[in-house]
Amino acid sequence: MTESSKDKIKESARVELFSDGVFAIAITLLVLELIQILHPKTEIDLVTTCLKHWQSFLAFFIGFITILICWINHHVAFEFIYKVDTKFMWVNGFLLFIVTLTPFPTAILAEYLETESTVALAIFGFNYILISIAAYGICFYAYKHHLISEEDRHFFHSYSLIYRYAIYFNVLAFFVCFISTWVALCLYIILFSLFATPKELTVRLEKIRLRKRKKSKYKKAEELEEGTKV
Amino acid sequence: MTESSKDKIKESARVELFSDGVFAIAITLLVLELIQILHPKTEIDLVTTCLKHWQSFLAFFIGFITILICWINHHVAFEFIYKVDTKFMWVNGFLLFIVTLTPFPTAILAEYLETESTVALAIFGFNYILISIAAYGICFYAYKHHLISEEDRHFFHSYSLIYRYAIYFNVLAFFVCFISTWVALCLYIILFSLFATPKELTVRLEKIRLRKRKKSKYKKAEELEEGTKV
Amino acid sequence: MTESSKDKIKESARVELFSDGVFAIAITLLVLELIQILHPKTEIDLVTTCLKHWQSFLAFFIGFITILICWINHHVAFEFIYKVDTKFMWVNGFLLFIVTLTPFPTAILAEYLETESTVALAIFGFNYILISIAAYGICFYAYKHHLISEEDRHFFHSYSLIYRYAIYFNVLAFFVCFISTWVALCLYIILFSLFATPKELTVRLEKIRLRKRKKSKYKKAEELEEGTKV
Amino acid sequence: MTESSKDKIKESARVELFSDGVFAIAITLLVLELIQILHPKTEIDLVTTCLKHWQSFLAFFIGFITILICWINHHVAFEFIYKVDTKFMWVNGFLLFIVTLTPFPTAILAEYLETESTVALAIFGFNYILISIAAYGICFYAYKHHLISEEDRHFFHSYSLIYRYAIYFNVLAFFVCFISTWVALCLYIILFSLFATPKELTVRLEKIRLRKRKKSKYKKAEELEEGTKV
């Protein structure tokens, strides 16, 4: 059983292909829930029907953004990952499982946003916790098992960290749901805008950490200096 | 974080892959609305059932052509685009959002063409405005941020212009919907036939602009000559 | 606007990609009609429910085989085609249109095979006529516009011929539907088994034509000889 | 009709592409059955609705794992397969047929697990028998017709053997369904965990066979020695 590095590139490509397929379908299936609002055809006119189901449109929009952000983050991670092994396919499979499931909480949001907004949002929030765990899992596994090239190792470590913070953030937002849906919504909007551009987020995070380290070094140096003075 | 040009080619390929998936699914989901006309099974015979739902067939046809034209135009644009960045993925994501949404106005067309033709067509027309904005956005961003090779720059500029004109055209057609559905339909047929072959359209546009420029040069030259004569 | 041969290979690849997506989705959507038989849940036990809907299973099977054969034939044709132009995308788009539509006649078959077998089969047969026209269209266009490499030209000509014969065959089978559904079914089974392996069919066809030509040459030679004798 | 080895690599790639599409769609369609539980909207609150339909969630989970394992095994097999012929596409098509069908037994599981658990599980088990036959068929055909590179031949033979054992295992589990659903479920969990990592399973199997062979050699050597002694 010989495997050249070329085969491994091909291997990673097929995992991307399959994942892309799942993302693309999950994102497109969302419209089926939207079409649902036209059936059964009622006596009410078209514009009123659409306005009455504004939650369905909102849910479609949220579901779409959610899966698109997932895909963009998955895409950025796979820019670095060039090898795969069978266990990694299971870690990736867990992410796909959550992505495939996403139309379900989206449908819940569409149907229950008016009557049971707290529970509906909490279920969606729980979905986000699972997504961030899966995303962190992919990065953690790829980092630990050297599925990335050595030169990207340092940056990829910072990259995987943003998903660890995302888990904490999502757990927090999940509990906030039960206190105030509006505050929770704001937290999710912040989350969305941060993870819309994951590479830029990582770079920003690296800068903050660098500054902190410099500061602490400076402090230490100052203390040392003071120590020598005293 | 090192990125060779090879990685960037791969990057653009995956955006195409994901987009192709979304296009392919959106175009295939249209048939679900068509199958709908067979449920619930009535006592009416098959041929009568089909004839009674002629709008569903028309809507399927229009929806299919719409998404196919979108795909062809997307395809031609990506012949030039070989680099991507995260913001571009969001611009492309906006187009995919509209494409994913397209089965919804198609379903509306199928259900309401007979009873509320004006509103149904206007919603479809609004969809076209969004599509043309998204298409122009993709070309404009790719041109501005140099995601295309330098040698294609001039042609790509002309190419992106056809989508700007498409926005004006679609806004016009949208308002015409409320005056006369038949005139609006004719406008949309013209739009379809123009954007069926976007490359040829661009070449034709370039020729017209070239001729104009020559004319104006000729005029200026004439005026200059006349000026010197006087 | 410069285009190297490399770009053209990429171009053909993306048309394949999109087509593969459409084929894959159309073939998988067929199961939705099958799941339909479980809703609404009745008091009847599972096995009886399945047996009662044997036409749905048959329709699923026929639909699947139809699209799989289409895909295999499309695949073989694209082994030769390496260039594409915008008009070709429309010819290919016509085939995809029919493929996308295929779940509809399949659903008709499932619902109306018992009550209106003739009409249901004829609609399916009409679908086959369109498929064979589209397949011939693709091959004819690719042959005429030199989208294939020169060395394959001769074989590809024979290959495109089998789809011309398929059109005649399908038109015949379509009219036979109205006379006898059983004879028509037999004709379709023959069609399936022939186009299951299109390359082998072409090779066989070439041999027959070669033998005929040899025979006629032999005859002419004989006649010539006889002529000289006389 | 000339075909270089390069064309054959491309050929195998497109079969993978199409298969990936089918896998991705089949796995994503499962959620539609899950969304079904929200329609028609009842007076019962959201949490109760979800809890009442626990079988739908279980079925979604089982269906997802089933198709993911199929995909992983398909993926590993295609790491070795680099050539395809038309007959192989039919063997592969048979696997895709079963994969496409899988949402149906999954839907049965969701609807009938409470009322007719034995029959529902047996139908799912029958699906597994077909899957293992198809998987063995693919490996057997690829091995026999030399669609794999010569250096992988030995390993691939062992690899194909695990699917032959899977057929026996699945037939056994199928009949156990009618005796005890719980024992059958345990058997399926064992099956899942074994085929989750098919490469590792093959390596383990090879070791066992090697040890056996060594033992038998040792025995023979002992017997020979004893023979010479006597």
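So that you can tell them apart, the chains are marked A, B, C and D in the order they are listed, and the count of residues begins at 1 in each.
Just so it is clear, a contact is a pair of C-beta atoms (placed from the backbone, for glycine too) under 8 Å apart; a residue touches a chain by one contact, two chains touch by 3 or more.
Remember, it's a predicted structure, so these values are computed and weren't measured experimentally.
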| item | value |
| --- | --- |
| Interface sides of subunit A and subunit D: same vs different residues, half threshold | different |
| Superposition of subunit A upon subunit B: rotation angle, C-alpha, nearest 5 degrees | 90 |
| Chain whose average C-alpha position is farthest from subunit A's own | C |
| CA centroid of subunit A to CA centroid of subunit B, Å | 30 |
| Centroid spacing, where centroids are CA-atom means, of subunit C and subunit D in whole angstrom | 30 |
| Multi-chain contact sites of subunit D, meaning residues that touch two or more partners | 17, 20-21, 24-25, 29, 32 |
| Residues on subunit A engaged by subunit B in the complex (per definition of touch) | 16-17, 20-21, 23-25, 27-32, 34-35, 38-39, 41, 45-47, 60, 64, 68, 71-72, 75-76, 78-79, 151-152, 155, 196-200 |
| Subunit A - residues contacting subunit D, complex | 1-3, 7, 11, 14-15, 17-18, 20-22, 24-26, 29, 32-33, 36, 86-87, 89-90, 93, 96-97, 100-101, 103-104, 107-108, 111-112, 116, 119-120, 123 |
